[in-house]
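Before anything else, here is the set of structures, which you'll find just below.
Next come two complexes, and both contain subunit A; in the first it sits with subunit B, in the second with subunit C.
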Partner chain A sequence: MSARGSALQRRRARAGRLFVLPNLAALLVFMAFPLGYSLYLSFTRSDLFRPATFVGITNYRQLFADPLFGIALRNTVVFTVGSVLPTVLISLGIAALLNRKLKGIAIFRTIIFVPLAVSAVVMAVVWQFVFNTDNGLLNIMLGWLHLGPVPWLVDPHWAMVSLCLVSVWKGVPFATVVLLAAMGGIDENLYEAARIDGAGELRRFFAITVPLIRAALSFVVIISTINAFQAFDQVYVLTGGNGGPESATYVLGIMLFQHAFGFGEFGYACALAWVMFAILLVLTGLQLRRGRQEDT
Partner chain B sequence: MYATPINRRTLLRGAGVLGAAALVPSLPGCDDDDRALSFFFAANPEEADARRRIIAEFSRRHPDIPVRIVLSGPDPVQQMSTFCAGGKCPDVLMAWELTYAALADRGVLLDLNTLARGDPAFSTDLHRDSIAALYDTFAFNGGQYALPEQWSGNFLYYNTALFAEAGVPTPPAHWEQPWTFAEFLAAAQALTKRSAAGTVSQWGFVDTWVPTYSAGLFAMNNGAPWCEPRTNPTHLNLDDDAFLHGVQFYADLAASHHVSPTTIDAQSMSTMDLFAAGKAAMALAGHWRYQSFARAPGLAFDVTTLPLGPHGTRPCSNIGTTGLAIAADSPRREQAWEFVKFAAGPVGQALIADSGLFVPVLRSALRSAGFAAAHRRITQLSVLTEGPAHSGYLPVTPAWPKIDALLDRSFGPVLRGKRTAMSLKATLPQAIDRILEAA
Partner chain C sequence: MRTPPPRTERTIRRSLLRATALYCALIVVAWCALFPILWALSGSLKTPAEIGRSNLLPAQPQWSNYTEVFSLMPFWRMFANTVLYAGAVTAGQVFFCSLAGYAFARLPFRGRNTMFLLYLSTLMVPLTVTVIPQFIIMRVLGWTDTPWAMIVPGLFGTAFGTYLMRQFFAGLPADLEEAAVLDGCSPWRIYWRILLPHTTPALMVLAVLTWVNVWNDFLWPLVMIQRPSIATLTLGLVWTQGQHVSRWPVLMAASILMLAPLIILYMVAQRSFIRGITMTGMGGR
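What follows is the complex of A and B.
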């Protein structure tokens, strides 16, 4: 019986490995190999046409001396803060509103999730119309309030604000889904007990809801930060491949794309990609560590 | 009684057989594609039709060389680079005057002299009929990396009805009879209409090209070339006062004189549409806009030269030209050379001339009755026929994409009227010199 059992177990394990194999192969070919190759390229001068020349850490040294790297990093930090903070706050508020047992709440939940299904490029094209200085929806609405037209995408000072607005609009649904799911998992008895103790709605929210969804909040912050840090598509469509006007929206994603596909400097672009990865790794590590410290 | 159930193994086998069967019909297709000469180009639908006409005529004369079209997406240079970096370079490629050098420098394009040497009769005839400035545009580091096939330099379109209505004199019909910056500005001012509230209902001038390059074109007409020499320059004349005055004149049209729309003004309606709708009296553009304007209902237009600045001696357009190149690793070089010879030679050029969709680059085609017949709408045809010979060059360097990005960033405040063109002198020339030095 035990011999038959172990034979069955071995067969099952073999079948399991076989089932995993295609995915594992895909992971190696499409993830591990490109990652390793990009790390190798970052130490070379490569344009993908001529043989790559090993240049050691030259690309990294040039990158840190490049004044545009400083501009791109600053813009990326501004964009990340300007989009992640409002995204988290707004989605927290919306999730709290949607986490109620009201008639027709499903309709509101569906509506709020719609932007999640829209392609980033399509969304950016639509927002281009919304941001039109003369006939854009946003300026028409500001006109009703007797506020002058804002040159959203044309003026360097407003272009970054516009990008953050679009990013928040795009990021809120995802964050809301995660936070709403976390809120759904909180034991109703806790609220009931708090209500009996006389705690108001706001008090219950900050004393029960927020602490109990901290893990989900942390996840949302990390994912939103990673997304914002890697922003490319919406910037490319809204303000162009040069991160204009001037260098107002020149973020790291645009810099990477420009060097790789515009200038053919793949080695340099790979070095930038690994620097971005290192920054994100440190930020994520810090966030996780903070989360763990709070838990203990 | 139960039917025998299909087990998993049978199902998987069946799916495998079906999948393989689905692939079989496509195999001969792959084979045909592999045999055909691939031709990569960028074109709007009308231009694509004109190119198909040339391909059809080539196929009629060379039935043994099938041609497969590879139509470009929105960024042809990037698409071309991706194809070639991936080892799938089309055999014949469209080449642009500003970007081909980067591909030639990386060994993507074939030096056509290697094939032309074996074809001395064709080469001699082509040289005799060519406009040297256009032909030499594709000469780089001792090689010839494309043969020019169309001239796409810029000139001015003007609305004849609006000029007549405002009593503004007809602008020049020849490049040898220049008009000045001052005359051009006066015309633009007379043709700009404003309401009492200051809202503009008709612009004197619109630019449908790239503002940075247009500013440079006005600088060229103020007597300052972009650089010297044209190929692999080590310095651009962005510290030359005449160049910067030309840039300033262009910037002032929108920022100070308000005879041209700013970026904000042009957000709700494109500059091309403004001219096509009769809401602009003059438009800077190349021949690629001709069909759009010709199709605009009720638009009466003609063409004229660019104005000459106070430091200029000879008005000029720019050498905008596209050519046909052959991929260095093409396994069908001989067939590709036959195609390039056909499209850039007298037969293809005559077809281009007759189509009216491009300005040909061979003198014989420019002077042909077919080209004149295709442009009956305009009276000042010599602006087009003499345009290629009156064109100034832009720099030919593999570093152009970097310079282009830098110019775009630096010219922005000047074109918005926030800084003067003279302020560019402080840092821009040095930054560009560094890029050129590293190239």
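What follows is the complex of A and C.
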């Protein structure tokens, strides 16, 4: 290596470190440090006004004995299953529909993906209007069929259904975009060959499309599960900061917010956050392993 | 090869039937995606008495509902705040992430790969875990209830943005910069003058994603900000909703006003929008 070459390399290495520095510093201050600090806080009793005191696993023990944690966990699981499963199934169908070469399909894609631009907060306010018991659109439409009125957001059972419905509406476009992109990558010749062999439309879909987009399906399931498990915005706005009615929508995200920013119990809230993180890691790991096993 | 079947009247009718069925399905799906927004638009132009009726077109459009929004909440102030926060964070994110992404892709230095592993591992960390310490950091710095809390944490870029940009820089052909490197051109000049112009698609994706995330963010402003004068639109909407329960025409007008800029952005930058979503998973938020 010539002297000029290594001087050049040193200069480029120095520039590299310098260019990374601001971004790295932000990462350390706002991500890496908080990660470690929240783990530490979860073993302390700490709030807004007193310094943290180490209490071992007391927070975790308290959390697992807390009946509200049981309720929140149960609600979160119901919400996650009740929103992710319909989201994936519906978006699979819509992606198959949008994958066809029809005249004007681009316009339909544009319209169907519009909810992507809608924030969880605006969406929740708009859906409150749609769900409204006395004069909401859904009950007006049910009235035409001589049904209802359904107390969408007032009745504990219906509130969870409403919450899932809103999340499906918001989640389907995202999942559809991902699945559609994966479907676009499938070789046309495969379908042609199957058609010549006499495979019908449904058969082609389940024998070719679904297996070939399994990676994308797995990605959609993981991301949707992670988001649903931590849901906060739409719950807070749709049914209120207490997870009402009668704690029917009291999910883990609401519980964390209440303890951290309502009661100022940082240690307890951090313990909850780490339990949520651990559950998510296990779920993601299982899903990834299942995906790998299916591949072999 | 199979000979195509003769296009008898029956096959024509069947394919026509199929196309009709497909279009019907598409129209139903499109209606499902749009009806809450259309219903909100319709509600924003109705009188309170008209709210419970099913007509989509208001008998007499009540534009005054929109002017009433401006008297109920400092809408334009909050609009300006949101634009400021989203603009600053987006500019910072695009600059610092592309700079770091360039270094990770093209400028070898000791410890670079280890450092990049650190980046990748933080991609998995959920906001749930970091939000409380971040809140404490802001308190210690005395930034709660100030614009700094809304801008600084995102200003220097995120791990995700750097990861995205690194992948893109790594995909650019090596001979783009080779001659410039041998000529002794400075790394900064190579980044700024030669490579950056080639990364416009990735920069667009990152900018759109960041803008949308800041614009729609709720939890962070909710815990950080109390003063209406520095609040964001999401906060303003939720506050207004809390104070004026069931004043649907005005609430819908506010929602539409808040939604419109993002729908326009989506229409204009649809490609970047869709590409960003296939690359990430910002969808649920």
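In the analysis below, the second predicted complex is superposed on the first by the 279 of 296 C-alpha atoms of A that agree within 3 Å, B and C clash if a C-alpha of one lies under 4 Å from a C-alpha of the other, contacts with A are read in each partner's own complex, and residues count from 1 in each chain.
In the analysis below, contacts are C-beta pairs under 8 Å (C-beta built on N, C-alpha and C of every residue); 3 or more make two chains touch, one makes a residue touch a chain.
Values in this document were obtained by computation on a predicted structure and should not be read as measured data.
S.K.: Which of the two partners, first being subunit B and second being subunit C, lies in contact with A:Glu246: first, second, both, or neither?
M.R.: first
S.K.: Who does A:Pro173 touch here: subunit B (first), subunit C (second), both, or neither?
M.R.: A:Pro173 sits against subunit C, while subunit B stays out of touch.
S.K.: After superposition on the shared chain, which partner residues are touched by A:Phe261: those of subunit B (first), subunit C (second), both, or neither?
M.R.: both
S.K.: Looking at A:Gln293 after the superposition, I want to know if it touches subunit B, subunit C, both of them or none. Which is it: first, second, both, neither?
M.R.: Touch status of A:Gln293: no partner.
S.K.: Who does A:Val154 touch here: subunit B (first), subunit C (second), both, or neither?
M.R.: first
S.K.: Between subunit B (first) and subunit C (second), which does A:Asn135 come into contact with in this model arrangement: first, second, both, or neither?
M.R.: It touches subunit B and subunit C both.
S.K.: Of subunit B and subunit C, which one contacts the greater number of residues in subunit A?
M.R.: C
S.K.: A:Arg50 in the overlay: touching subunit B, subunit C, both, or neither? Say first, second, both or neither.
M.R.: first
S.K.: Check whether A:Ala117 is in contact with subunit B, with subunit C, with both or with neither, and answer first, second, both or neither.
M.R.: A:Ala117 contacts subunit C only, not subunit B.
S.K.: Hey, what residues of subunit A end up touching subunit B and subunit C alike?
M.R.: 132, 134-135, 261
S.K.: Would you pull the subunit A residues touching subunit B in the complex into a rising list?
M.R.: Spelled out, the residues of subunit A in touch with subunit B are 47-50, 132-135, 151, 154, 156, 242, 244-247, 258, 261-264.
S.K.: Could you pull out which subunit B residues touch subunit A in their complex?
M.R.: 78, 81-82, 84-85, 102, 106-108, 263-265, 267-268, 401-402, 405, 408-409, 412-413
S.K.: Show me the residue ranges of subunit A that touch subunit C in the complex, using the header's touch definition.
M.R.: Per the stated touch rule, the residues are 8-9, 11-17, 19-20, 22-27, 29-35, 37-38, 41, 94, 97-98, 100, 102, 105, 108, 110-123, 125-130, 132, 134-135, 137, 140-141, 167, 169-175, 177-178, 181, 196, 219, 223-224, 226-228, 230-233, 236-237, 253, 256-257, 260-261, 266, 269-270, 273-274, 276-277, 280-281, 284.
S.K.: Using the touch definition from the top, list the residues of subunit C that touch subunit A in their complex.
M.R.: Subunit C reaches subunit A through residues 2, 19, 22-23, 25-26, 29-30, 32-37, 39-40, 43, 51-54, 96-97, 99-100, 102-104, 106-110, 112, 115, 118-119, 122, 124-137, 153, 155-159, 162, 181, 184, 186-188, 191, 212, 215-216, 218-219, 222-223, 234, 237-238, 241, 246, 248, 251-252, 255, 258-259, 262-263, 265-267, 270, 273-274, 277-278, 281-285.
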